[in-house]
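Structure first, then comments.
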């Protein structure tokens, strides 16, 4: 059975589980032939899914719910990531220590292309305008790297615990010189890296059976990666066609990712889901989603996969 | 035996600045075997008339017959060869290739082409230059090549628009002699545009003097000179008298430009 | 089967245009071009409807139009940010610098022979590559976009301008020599006018380059406005009609930009044969 | 050869300016780092450090050269870290796009020259097509093709073709119209068919224009390919290399990929120049 | 009173195919007020010699003096006006603007310019065309404009390289008369290149016949004709004899092309 998985970002240890499952033959054992499509800065996985270019996508829940509200019926079938790895990393010298009071008038780096929703929710909960000015924050569309912080073009930038934060450290800035705000700690964490399909796919029982196999094998891959970070990093590296990744960085990433996947067997925790929805709807005048989503997830697949 | 017959031919160009009457009521009969020169000030319609005969322009009034057909039928029958004022050789073909081109288009066989090319290049004294490219030749040689090209397919009528305008006097003399020779040998009908009075007088059996605005024929002078014309004929009183006659004809219809 | 109406519309428009084109007046020529464009839009709309193409893949022209009308404020902000501030400023600076450089090295064949091959090399450089670097150097706002545009347009204009300054005929130069014209006079009265057709060639080519450059640079970092920014965020939000509305703005602005330069060319180089003839 | 010396001089000047700029632009970071570590740097030490940073703002020329060398010669050419391999990926899409674009450009030009309706309708829209922000639609093109099951080289090639057809179109229209009235009249006087006119007159006279635009077109095709590789999740090619370098802040990698692309472009343009000389010489048009 | 003095002037062009000896040991003295014509087959160095006088080429051997100075000094003093074979008008300037250009460069006042422009345009019968652009005029009118331009700043020496080559006979006659008139009135020294034997004979006080490969002077013929020359003088026996003499001189050094 052939299945295409569209990743959210370029090949890196963030997706170690899938690569491990493919490389170790877990998919094959299930009788699946899985194609993994790497993403990129301007690839919107939701769009690829809608266009029929992929069967399953890895996507963040805010983007998925937003797309759902736009009329694209995405359904979460599994949630390998339990915790959010997103945070805001600031230079200590910028004088920021408390989000409630210190962001005003500062410049913050944010990712867009569907990754901006958690940030927007947080800011609206803080009551900060994102249109600049003395009472709001100035938002930069952050490029692909941590340069804005190093070049001091922004007071804070968005980082993932497993990736950009490490890059900041690698660049030679000591942890003492940094202040970080994890979304988890701020109570605005949203679910990341879930597996989504179109509603229509779930209508087809044969396809659902394949998805079950897929999720089962993927979770096996994730658990394998958690236990064998070194090997998982090597597998990722082998699959990276750009040849730009370094082993050290990927090993560290697998380890950090392990902390996020640790609590999940693939089943979506409804409490986490609810918190995500609440966060997204709490956005004051401009919430990310305006209606409580219905049927945005299903336990069908994971129920069968886990048992 | 009429080769070309024009009756009340008028030709008006519609331009942005209003209509230009290039030809107005031009009537002329050219017999087969005639050598007719057209002379007149710039812009009097010489080129236009020649082009109309060649079906490159269409008269807006009057009738024009070429070898008993309409000009366009004559063109399709490839009844004439045309030599333009500039050589107009194709730079990506050798001299032989240029002469060959109309023959290829008209579907002559390879062997026939070879033989014709050799003959006409010899005629214009370019035998050893067949393999050269146009830009490797002087202007005079290029002009001779373009004449060879028009001769190659042996049309009965030869239309030449100031073919020697760009050449120096000595070379021009030689080519005039050669052309006269060719005409006598082949009995072709030749229509020849020139700016030079001696040239017109030297070559023609009839000289057509034109005047501009609107372009029309002011005189048609029949030449009393014999067909046999050495270059020295130009110093004879008959020649000078004829030249004087043409010059007067020209003066009549001439405004400064 | 379902392709039949599309085919019919296409053939109809083709026939209409073929008939219209025979008149060849100013009005019919405009009409022909417009009908051509309208046909494409109609075919597009029909295709989207008949084949039920999802709007997140390709929105219909009607949806794009609606989005355009709804988002004029956003589109205007983005237009100002990207086109007026980024592209236009960069283009003006780049063009001025290139013209000045060309005149400066005009007297030094040595510099010309050294700079031009390198200029050609740089002109062939995929500029998208320098965009991240310039964003890193010049910050997030329009200045870095303008910098990218400067780099992109500089060499094509320089190369054209240098060629233009050399494009005088020997006789025209000899005439200047017979009048013992000083350098300034022959530059001002001969070489600059003679260079204009070449200069405009470069200016025209670079109008579209300037737009591409400004939008590309936004991709590597920008404030929360600008056409490139809007396009990438809107794709992320699956707001494809807005994306296409931005593309429409870019195409209109680009054609207008090109048209204005072409018009200026017509005014300045009225004497050049290519401007005197209607059809070439 | 006459220009070897001037080019070298200019190159030397550029390298010198580059070194100065590298020191100047990297110095703030080095100073900051020193301040964070509470050390004081001598100016010699400062300069040394600015030229050897791992993530410099502006890498020094020798760092780029080393990066290039490492990418070209330091790897098996089949390695994913080899610039030769990435160059090849980019090159193949470039050539495919160039071929498509050239065919489209020539085809349209032939249509425009022979059909008045096309003449009046195509050109303005061809201009408009070039003002569409290609980078913005590149991901969509890729997605649309992916939804039709077409991935890999072709979508990139289409983007490359989009950029390269235009110069060919403009050059060919001009070229096919260069024959002057006299040359056309000659053909007419021989009663030559339109096909004859095309093959024996219009096409040969357009070749110099064609080659001039082909040089522009191939550079444009390369830009198009790289644009296609940039955002669209391409996994290989110089564009992907640029992007991943940018993603990890590896300036040396960006610059190496950039120079590799520029060298590729220059080589392609030179190649076309060589073909041009050869063709024109064989046609006797080179003097 | 020597205006131009050439002694053993040689000029060799270095070309890819080896050196071309455009001039070889040319010696000639032109007095002030002379009207000297240069005639000879294509490529014999007429243009090159005129250009050397104008300091547009530098002789590779021999000495050349213009009005007692080196040619380059004379050029800087604006000692001569030069008319090229083609009009060479600047297309972005009107006819008046073109005539005005050398005057602007030489720093004439605005009023002075206006007056000179009017005078010379009148001289060449182009008064009503001052506001037109070059490409709106016929070739002959353009050539006249370029002559007007060379006359405008009243240099003592006038160098003309086949100025009437592109004109038809009638216009040419008129301009020949006008030029002769101007020369008589102003006493300028004129160097004049032509391909036409009658033109050379009609205009000149001296005719210099040249021959090519290498370019040299084969004959210098002093004209016995009086300064007063109506056009009919061309039918007199003296004129015809002189023309014959020139033609012979030409034949001597002439190969087919």
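In this document, chain identifiers A, B, C, D and E correspond to the written order of the chains, with residue numbering beginning at 1 in each.
Here, a contact is a pair of C-beta atoms (placed from the backbone, for glycine too) under 8 Å apart; a residue touches a chain by one contact, two chains touch by 3 or more.
Because the structure is predicted, anything quoted here is derived from the model rather than measured.
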Ask   = So which chains are sitting against subunit D and subunit E at once?
value = B, C
Ask   = Looking at CA centres, what chain is most distant from subunit E?
value = A
Ask   = Looking at every pair of chains, which has the largest contact count?
value = C-D
Ask   = Any idea how many Å lie between the Cα centroids of subunit A and subunit B?
value = 84
Key: Averaged-CA centre spacing for the pair subunit E and subunit C, given as whole angstrom   = 49
Ask   = So how far apart, in whole Å, are subunit A and subunit C when each is placed at the average of its C-alpha atoms?
value = 38
Ask   = Taking each chain's centre as its mean C-alpha position, how far apart are subunit A and subunit D in Å?
value = 35
Remark   = Touching at least 2 other chains, the residues of subunit C are 57, 132, 136, 219-220, 232, 235
Inquiry  = Two or more other chains touching the same residue: where does that happen in subunit D?
reply    = 57, 139-140, 143-144, 147, 230-231, 246
Task = Give me the residues of subunit E that touch two or more other chains.
result = none
Query = So which chains end up touching which?
reply = A-C, A-D, B-D, B-E, C-D, C-E
Request  = Name, in rising order, each residue of subunit E that touches subunit C in their complex.
outcome  = 51, 54-56, 75-78, 80-82, 84, 86, 88, 90-92, 101-102, 104-106, 133, 135, 153
Inquiry  = Under the definition above, what is the set of subunit E residues touching subunit B in their complex?
reply    = 41-43, 125, 138-141, 167-171, 174, 195-197, 235, 240, 244, 250-251, 254, 256-257
Task = Can you check the complex and tell me which residues of subunit A touch subunit D?
result = 10-11, 37-44, 47-48, 51-54, 143-147, 150-151, 167, 171-174, 177, 240-245, 249
Query = Which residues, counting only subunit C, touch subunit E once they are in their complex?
reply = 169, 171-172, 174-182, 185, 189-190, 193, 196, 269-273, 276
Query = What residues on subunit D touch subunit B, complex-wise?
reply = 180, 182-183, 185-192, 196, 200-201, 204-205, 207, 283-285, 287
